[in-house]
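The structure follows.
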Amino acid sequence: AKELKMALSAEPSAMDPHFHNLTPNNALTSHVFERLVHFDEKQSLIPGLATSWKTIDEKTWEFKLRTGVKWHDGSLFTADDVIFTMERAPNVENSPGSFALYVRGKTFSKVDDFTVRVTTKEPYPLMPNDLATIAIISKKAATGAKTEDFNAGKAAIGTGPFKFSEFVKGDRYVVVRNDDYWGNKPVWSKVTIRPIKTGPARVAALLAGDVDVIEEVPTTDIARLQGDAKVSLGQGLSNRVIYFHIDHWRDETPFITANDGSKIKNPLKDVRVRKALSKAINRPAIVDRLMEKAAVPASQFLADGFFGVSKKLKPEAFDPDGAKKLLAEAGFPNGFKMTLHGPNGRYINDARMAEAVAQMFTRIGVETKVETMPPAVFFNRASQGAGGNPEFSFILVGWGSGTGEVSSPLKSLVATFDKTKGMGTANRGRYSNPVLDKVIDEALATVDDTKRGELLAKASEIAIEDVGVIVSHYQLNTWATRRGLKYVPRTDEYTIATSVSEQ
Amino acid sequence: MSGSDQAAIEPTLAVSGLKTHFFTKAGVVKAVDGVSLHVNPGEILGLVGESGSGKSITGFSILGLIDAPGRIVEGSIRYKGRELTTSSDEELRSLRGDRIAMIFQDPMMTLNPVLRIDTQMIETVHVHHRVSKAEALERARAALAEVGIPSPESRLKNYPHELSGGMRQRVAIAIAFINKPDLIIADEPTTALDVTIQAQILAEAQALCARTGTAMIWITHDLAVVSSLADRIAVMYAGRIVETGRTADVVSAPRHPYTQGLINSVPSHNVRGSRLNQIPGMTPSLINLPKGCAFRTRCPQAIDACLEPPPIREIGPGREVRCFNPVGVARPATAEAAP
Amino acid sequence: MSAEPLVSARGLSKRFVKKPDLAGRLAGHLGADVREETVHAVDHVDLDIKKGEVVGLVGESGCGKSTLGRMIAGLLSPTEGEVQFKGKPRDKLSGADARAARLAIQMIFQDPYASLNPRARVEAIVGEAPVVHGITTRSAMPAYVDDMMRRVGLDPDLKRRYPHQFSGGQRSRIGIARALAVNPEFLVCDEAIAALDVSIQAQIINLFMDLRTEFDLTYLFISHDLGVVQHITDRVVIMYLGRVVETASTEELFDGPNHPYAQALLAEVPRISTEKRSFHPIKGEIPSPLNPPSGCHFHPRCPRAFGRCRNEVPVLKEIAPGRYSACHLNDG
Amino acid sequence: MSTTDAGPAVAEDAAVRRPAVQTPFQRFVADYTESRLATIAFVALIVTMLLALIAPWIVPQNPYDLAQVDIMDSRLVPGTPASSGKYTHWLGTDGAGRDLVSAMLYGLRISLAVGVMSGLIAMALGAAIGLVAAYVGGKVESLIMRIVDLQLSFPAILVALMLIAILGKGVDKIIIALVTVQWAYYARTVRGSALVESRKEYVEAARCLGLSNGRILFGHILPNCLPPLIVVVTVQTAHAISLEATLSFLGVGLPQTEPSLGLLISNGFQYMLSGEYWISFFPGLVLLMTIVVINLVGDQLRDVLNPRLSK
Amino acid sequence: MTAYIIRRLMQSAAVVLAMSVIVFLGLHVVGDPVYLLIDPQADQAEIERTIRRLGLDQPIWMQYFHFLKGALSGDLGKSFVHGTSALKLIVERMPATLEIAIAATLMAILLGIPLGLYAGLKPDSFASKSIMATSILGFSLPTFWVGIMMIMVFAVMLGWLPSTGRGPTATFLGITSSLFTIDGLRHITMPALNLALLKISLVIRLTRAGTREAIHQDYIKFARAKGIPTSRIVGVHLLKNIMIPVVTVLGLEFGSLIAFSVVTETIFAWPGMGKLLIDSIQTLDRPIIVAYLIIIVMLFVVINLIVDILYSILDPRVRIGEKSA
């Protein structure tokens, strides 16, 4: 019997896969539960509980289900379970952040026991991506079940490679091997997952032999661990880009003043200023010194290899002189004063990143102060701090593309903010470009993959060339395991036992 | 039973040339500087002197309870012929509380506040005698009854704070008497008490000594108390005994100018409403005493010879004085204020 | 001595009450044993002190001597009754009169250590109040202080010193100088010599008596030392558990106390004697002032108590001219 | 005064006259310097404070000026010359490229300023409240003292955590939080000693002499309450510095770009395992020494100023 | 006693009320975790739905009123983040926290009292001076720093003890605790010691001060005058008196132990309620924060009560609520 102990950087809050759409929860529950469509390590879609899917027409999708799959309690998996799941997923009591988004607008119908149809009102190309987020639960075990029942194990009956064993919130989560699993049987007979939030503590736990795998290795320790014979690292690109939102919508922006402190017109509305700021950022230095090479300079919203990225875009080169020239052209030869806001502890090295960028801006004459705050406070104020509108002038944020393709950041970050359409929901700079909006709309209605990919790339180019946002780098995710184990890095940042193998 | 026939019997305690000094940063405090005294069985010796004259330290020296930075530097303390200054700690400990007991000044402070009366009494029996618990308890009860505490059984169950000051002092006395010691050193046991209660305690102490034949050294600064209680009196000044003698002799015919001054300054020895006879000045610091006789600077009778330390001189049977120029014999016995 | 009393107490009472708070009262409703606790520290005391007189106040610990003294000195406000100064109720005075009355009565305290501000020099201790009240000016203050120090027998050169640099007797003198500095007429001495050594006591008593003749001072002399009281007072007031039990001129009292308590008290004062004496103390302890005995407070200890003593509070009656006693035995 | 005995008083004086030591302050100095360790600690404290005070003039870099700090210089090993070549990073640099010597002295400035400022403000506030409570008495007093009790029974770190969570980061905010958690100690101390003092006879004497309440309160009582107050100030200052460091460690507290010692340590914590020990080790050492030194001084003050121990 | 309990209850009710108002208002001003909770891609409708579900759409006084109503029936609200009862979440975590707090207290007593006694009885010896110097160090060391160092040395470098987390638990006499398993004890050693460090110093100093004061008391001298052997004087007469302040202070400090477990739990990834609080403060999970504070107040009431009872057992002079005779 082989046991595996893994340490997470965050604490899963439930064994209920529909309770909260949150990385640690999703990672934990995916040991026990499965989706119709699975993401592989690179977030490419692969068959899960559905063996195949296709569009019947522009607005109808059909999913063929896997036969002979048994729930952990021995009963058989059928289309009824899928229908049941889709009914429950958006309506979990007390859910802090539900999956409603992925179910809404879709009508599910059972064709036969192993075929399910989904219809939408508009053409919807992202159907398989959406369904890759929703874990299928057993109708039999989970009817009427509350989140507590999942946590207690009663309703935590899945089809996954592991079976529920123990859930002690904040302390440990234990699963054991499902010997009847339909796919590749896991190596591990028992997996214990523990949250250890502090980075160094996590490393210490690994070094002390208390755990076998840790996620989110602090960048500062990567170099040291690389040289440690007892440890091996697994590092891979993530779907997360770190970037800056820029105030595009206010004529006078609250956190920018002239050098003497007097009010000035919002300089960020001038594309030359935005470009100058982007040029001022020394991306290689950030990657090198700050991120310990656990990052890649960014040119757009997602790194190469993801669906819909532009091949044309290259990272903005570090060019302080060019930046100063642009500033002068824009009428700010002596720069101005600005406050850069950012969260503290949301992204890897976020506070230090803000500080480093402030240093760089200050060097081109834009005297920048840094203010970081706890994420909960930050996102609130950044989203609606000024009477329901974004409060800050220039913020550091990150975006991870849950769907694994470019439409997600385009739609949320640079599309014009529109409550009713659900566009630009996270557009905290209120960037608005009608040309761009049109391209995005078109892409979102294009079911044809190739064509959609081209449209998405084009949209990215428009947004980046107009400096709607300033992108900095893509994060690399780093796992460390004790020697003899190997972690296959995942772009979605999930830490799951099936990705751990023995060497 | 007063110490009438001193020569014949062996004294319970004989101290001679005792010097107890404290070696402090400020200098050597000669708290006791050559004290000699003795008590006979059944006798009460009153040790009188002003505050800081070394009375308590004398008492503690006898019990071997001097702590650093203090030390007995010289002299001998003989208990029934046994030398105590050279005894081991353990020997001294087994004497303390058994053969020689002590009563302290402040009844509020002498009993351990967190232990019950019975505990504090029984342990005193048990550390010295191998007796059963019941036997020890019975002794405790009897001792309490003897000092006039009503319903001693229930009192045994009390904590000290549940008793009044007078009661507590009685308990302390009962503890001192519980092992029927040969000598009790009472260090101002009534000073903190009210007159009516003081009278009660004095009465009980007196009766007990008479009954048990225990010798007692009664330390006080109040001549009046001691004159009505003690058989003999020793007057202390600045670490030395300046005069000893039978109570009546000392009180009626003080020989040392200090004793005389002390007696004369008591109001009742003065005409009502007149100015009191006062001893000028104040008690000197024990760190730098005047050379020679320590009382010299305040003494109306000082002569040149007083620049040398006066030796103690026997001036009558059992009557000693440490003065070159003692108050004349010619003076009237009831040394009232000069008219 | 004028006939008009300088200071008089009229039905003066002081009760210290400890009331249960809200929680306590609630608990009381729930049946817990929560009571208001009242100490009758001083219970309807009448007292006249004539100018130039020295009145001794004696009694055992806790009988209310200090409380009475402090009420007279104006440090405590009475619960009932009033203090009159030169025939006028002191509380009703205002302005300059009130201040004059306040300064006219000064207090000398027991503890020579605690009664001096350890952080002030003698000069400030003695000189502060006269300057504040305009008795002297700031510039004349040093000379004024010198004068005061000389009066109490202190070397004025020492005025730059702090209290800790003095002996107990000297501190007492400083305390007296401080009081004298505001030209008082009346001094309340609360155990003013109790903490001093016998030989020093005599010095301070002499000082009191000298000052009395020199400045025509009036004293309320609180003490438990009956020898001292006998020596220096003209009249003695004896208290027991908050009540005055006997008042008499000193000579009469010491010749033959009337009240059984006074008799017991006087009998038990140790006196220098050439004889060993046997003690015959009164029995019992001083009762708690929280729940004093009924009737005559002294009855449980009184050798001559009878039925009436248990139930009826004896009143202070004049049994001879200028002599008062509160005992039922006097009623025949 | 002719009738009384001026003579003996002078004689007394001769006996009482003590050599050299005169004012209470001189006596205090003599008592304090009896302990060599405490004397060294006091000198060290003064040096530390001076260093913090003159930091801007002696350090090579202003670590709070982003223009002078370069990310490219981050995590340099002690002894590396600065990229400008003008000076050497004797203790290395931190993760943001700050020269550690400079950052530590500036951090010390902030830590001390936070500790001392909060101590002084809390003392002024607490002492005033405590005095009022002791003086006014009655309902006001019991209300104040209830609040003090509650405040004291509630752990400082929780209160500070909550306050910082609500107020946000910043030196001013942290001082407010520390004052809030500290004032009660002072109020209790002052009220306690004021009660003791006001029961002493010298206060009664002052009242008897018709002195005004204000004069009694501030001229007589307050000066005598100072000794325990001074002890509390030292202990609480050390406590405040430690608390600020802890809050910074927990991620609330001071802004990232102007790190105090605590924040430097906290930031350096990330580098502990990777071998870049100096980033948190040296600030930790300075913090520890500062607190130890203050505590040593406070300890000796406690012994010297404690009336129960002094004869 | 009744009055005493009523007084305590009234006081704590007042605190709870005042505190909940302050925290409610304060956190309301700061914000809420909605943007942290929801899927970043969520649209406005979804955001509003979440806000409504958490009850954050209502005016603050209404929210407070609902909270009060719930609180009266023992419901302190549901965690924004966890969705479950805040009370339950905290109570689940409480044993872990109590466990290290108790272990730390035991350490403080078992190490602090003997050392303090020694230092008090032999104040001038070198060992005593070393003890006192070390205790100053113990006073001054920031908890978090020591914690990190301990992990470095004992777990990473020496490998003697597990670095983080709580060990397996076992049930004994109806109490489930990791103190009853060997591995559990190994896990608890470091965090408990870390937490105890300050208290050990405190106990040493208290004991020493108490000893130094007591040995000059008349009752000790009287005991010596009775011929009581030193061992009994120290073991009974002295110790019983010293225990009074030590127990009182330790009892009252138990609260601060629980508070400081916030730090220790963060470092040692100890699954206690302190860590829950820190997380909740970071995520502005108001129901948990408020519930935590309320529970702490209650805990304090209970602890104070126990301390007072212990105090009256140890010190016969004190009888709660008894009239002074």
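The first chain written gets the first letter, and so on, giving A, B, C, D and E; residue counts start at 1 in each chain.
Here is the rule we go by: a contact is a pair of C-beta atoms (placed from the backbone, for glycine too) under 8 Å apart; a residue touches a chain by one contact, two chains touch by 3 or more.
Please read all numbers here as calculations on a predicted model, not as lab measurements.
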Practice prompt. Compute the shortest path length in steps from subunit C to subunit D over the network of touching chains.
Written response: 1
Worksheet item: What is the chain whose Cα centre is as far as it gets from that of subunit C?
Response: A
Fill in: Rounded Å distance, subunit B centre to subunit E centre (Cα mean)
54
Worksheet item: Whole-Å distance, subunit A centre to subunit D centre, using C-alpha means?
Response: 47
Fill in: Chain centre separation in whole Å, for subunit B relative to subunit A (CA means)
91
Discussion item. Two or more other chains touching the same residue: where does that happen in subunit B?
Written reply: 278, 280, 282
Fill in: Shared-contact residues (touching 2 or more other chains) in subunit E
30, 148, 152, 156, 266, 281-282, 284, 325
Discussion item. I need the residues of subunit C touching at least two other chains; which ones are they?
Written reply: 21, 167, 169, 203, 206, 210
Worksheet item: Any idea which subunit E residues touch subunit D in the complex?
Response: 11, 14-15, 23, 26-27, 29-30, 133, 136-137, 139-145, 148, 152, 156, 213, 252, 255-256, 258-260, 262-263, 266, 277-278, 281-282, 284, 289, 293, 296-297, 300, 304
Discussion item. Considering only the defined contacts, which subunit C positions touch subunit B in the complex?
Written reply: 60-61, 167, 169, 197-203, 205-206, 209-210, 224, 226-228, 230-232, 250-251, 264-265, 268-283, 285-286
Discussion item. If we count contacts the way the header does, which residues on subunit D are in touch with subunit E in the complex?
Written reply: 37, 146, 149-150, 153-158, 161-162, 165-166, 168, 238, 242, 245-246, 249-252, 262, 265-266, 269, 272-273, 280, 284, 287-288, 291-292, 295-296, 299, 308
Response to the item:
As the complex stands, subunit B meets subunit E at residues 63, 65, 93-98, 101-102, 104-106, 109-116, 123-124, 127-128, 159, 161-162, 172, 175
Discussion item. For the complex, give me every residue of subunit B touching subunit C.
Written reply: 2, 50-51, 164, 166-167, 194-200, 202-203, 206, 221-225, 227-231, 247-248, 251-252, 261-263, 265-270, 272-273, 275-280, 282-283
